[in-house]
Amino acid sequence: MVTKGRLEAFSDGVFAIVITLLAFDLRPPDHEVGVSLASALWDLWPAYLAYVVAFLQIGVMWLNHHRLFQQVRAVDGVLLVLNLNLLLWVVVIPFPTAVVADYLRDGGNDAATAMVLFSGVLVLNAISFVALFAWITHDEDIIGALPPRAVVRAARVRFGIGLGAYFGALVLSFFVPVAALAVHAAMALYYAFDQATVSNEVTT
Amino acid sequence: MVTKGRLEAFSDGVFAIVITLLAFDLRPPDHEVGVSLASALWDLWPAYLAYVVAFLQIGVMWLNHHRLFQQVRAVDGVLLVLNLNLLLWVVVIPFPTAVVADYLRDGGNDAATAMVLFSGVLVLNAISFVALFAWITHDEDIIGALPPRAVVRAARVRFGIGLGAYFGALVLSFFVPVAALAVHAAMALYYAFDQATVSNEVTT
Amino acid sequence: MVTKGRLEAFSDGVFAIVITLLAFDLRPPDHEVGVSLASALWDLWPAYLAYVVAFLQIGVMWLNHHRLFQQVRAVDGVLLVLNLNLLLWVVVIPFPTAVVADYLRDGGNDAATAMVLFSGVLVLNAISFVALFAWITHDEDIIGALPPRAVVRAARVRFGIGLGAYFGALVLSFFVPVAALAVHAAMALYYAFDQATVSNEVTT
Amino acid sequence: MVTKGRLEAFSDGVFAIVITLLAFDLRPPDHEVGVSLASALWDLWPAYLAYVVAFLQIGVMWLNHHRLFQQVRAVDGVLLVLNLNLLLWVVVIPFPTAVVADYLRDGGNDAATAMVLFSGVLVLNAISFVALFAWITHDEDIIGALPPRAVVRAARVRFGIGLGAYFGALVLSFFVPVAALAVHAAMALYYAFDQATVSNEVTT
């Protein structure tokens, strides 16, 4: 079987690459006659915004992935496949990010389409993560000692609320695309600061 | 000599990067007048399909690569070269994937050419993997204790059938390209679920 | 919590990928009629210069990142977020590098804009690094034994001077873009050779 | 100081990414009216050839890098800078590879220019590697116990011959570009098979 260590290293590699490729989609604007580079750079704001939001989403997912795996003590076949399924959706994120960067400013139907794609991919990421979480916490063989029921239930409630918020952003994408992007940004910032308030722990 | 640990880490890095670059080939469609973004995105279906199939193929190859190396206890020069040869073909996979994404919808000869290229590269990957497997299992110096003959023979039969299926898909590519892609998808899903049914084992 | 080891591995991965993607922005010049490839390659000098400067900046940042983390013994939430913030800005570096490569030769306002962007991103990197450094050295829980006050003060003076130099280059970018790039190159070389004069130490 | 382990991991990451990005330069040919995909794919032969040669060169450099570092027991500042210098040139390799892929078929001066660039970058890689090797083997503090003089002298002769061959290919590039590429291919294959004949050794 694949050991936990190599599975973590492989997943870390994928997270690190996706987070870096995201920014690689920021390309210099074309030389256009009569338009200054400065104004061409300002016009890329949807690209910057989409980049930051996607970066935070992937960063937070990486943190949660790590926390989850710290409790895993055995890797089984289902876990492997569920983890590959998560990575499949993580790795896709630069695609809707680039679509949003290209189409959000145009407004109208295309902006809505772009945001629906973006929100949809994030929903699929969230579902894949919840599936992984549910599998890992369902079985003492995988997680060593099951955490207290209350803890698991609390985590499930948390994930449920998160999923709900992603679905809400998906619905909002159809109508007010920019607002949906703002919701994603707010959620990413919330999660990031939430991480920062976790009490200090000594680790090695 | 190169140690097994660094060889595995290097190979893992390559697998993680290829699997991520694959998805990076999904590019926003061009702004075309009179075509909605939504329909332009639908038209990319061969790209999505090719991405998922190639992702699963590489994912499964990574799993098998890891399992194989867990039994290796000594790395010799031939093994190094055979492993580099495998990586050379793994790393090429995004190229035929992008060709299929660009040409499958056109139909006709070009679609067939694209699928022949795709299937051909997968056949070369399969051959390279079998060569690595054959070298590792032929010698007690490399693999520690040779597994029982029956086990090796069973594994060889398995690989033989797999190779046969890849060749079948290659032949099919000349005539019904979409069907050949479907065969690759089915094989990848079969292997992925096959992995999931491996009995749980506790590892660290 | 995320362990120090996995945080370092993740950061290393990001540094390694950014440093490699940088050079991937060096693209063959277009086939233009009546212009030899040799002269088209010479015309890319701003791209080569920007690449080398950005490579050295990231390389030096990686070295300092590693030195800093060697003293860390506990990872808390704030540290995680500050590190993600640093990576967010590191990963952006290929973007202004590509803008400089495209616009520096044009001269005029666009060249100035390009260098302001480049210098601005490096300033944000420097600020993010100082924030990380300040957090790590403010607390005995994180850094084990706090280094002697004189050492910390000396390091802060050093970083302050560095930040000042980056701001100076930022201001210079508005007026003499090429000179600003030269300042960045000089700073990167200074830091690189500074590293080389650190007295030998035996490590494992 | 940076530990040997993290230096190796960082270098491995860079090697793995470069080797993968190389192949990512293989792009589907444009849809051209009246030209079949099959013949457009054949016309990419310089790209395939350049890819394989560059892949083998980097692969062999990775193997030698690893062997060299296995003997290192202390990392000093000069070694760090020499290693960064090597990586700077390794990471550039996809650029001349892409130039050769684009211009070799054109023949004439541009093909010669492309091959001179390719050979020149490989010469700079070889010089950087020799500098690293010379530094590592000059000092007992770095390498633990210096190998017997005869061994070091033999290695230096080997490297000298290698450097000479690279310079020869560089000169040949001015006159018969395709022949120069063939020389690089031959050298890469020679080194790869040379690795394969190293006697088996048990490692972990």
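The letters A, B, C and D name the chains in turn, as written, and every chain counts its residues from 1.
Note that a residue touches a chain if its C-beta (ideal position, glycine included) is under 8 Å from a C-beta of that chain, and two chains touch if they have at least 3 such contacts.
Since the structure is predicted, the reported quantities are computational estimates derived from the model, not experimental observations.
S.K.: Can you check whether chain A and chain B touch via the same residue numbers (shared by over half) or via different ones?
M.R.: different
S.K.: How many degrees of rotation bring the Cα atoms of chain B onto the matching Cα atoms of chain D, given to the nearest 5?
M.R.: Between chain B and chain D, the superposition angle is 90 degrees.
S.K.: Can you work out the whole-Å distance between the CA centroids of chain C and chain D?
M.R.: 26
S.K.: So, what's the distance in Å between the C-alpha centres of chain C and chain B?
M.R.: 37
S.K.: Specify, in ascending order, the residues of chain C that touch 2 or more different other chains.
M.R.: In chain C, residues 9, 13, 17, 21 touch at least two other chains, as defined above.
S.K.: Based on which chains touch which, is the overall arrangement a line, ring, star, complete graph, or other?
M.R.: ring
S.K.: Every pair of chains that touch: which are they?
M.R.: A-B, A-C, B-D, C-D
S.K.: Using the touch definition from the top, list the residues of chain D that touch chain C in their complex.
M.R.: 1-6, 9-10, 13-14, 17-18, 21, 73-78, 80-81, 84, 87-88, 91-92, 94-95, 98-99, 101-103, 106, 109-110, 113-114, 117, 141-142
S.K.: Which chain D residues qualify as touching chain B in the complex?
M.R.: For chain D paired with chain B, touching residues are 8-9, 12-13, 15-17, 19-24, 26-28, 31, 36-38, 41, 51-52, 55-56, 59, 62-63, 66-67, 70, 192-193, 195-204.
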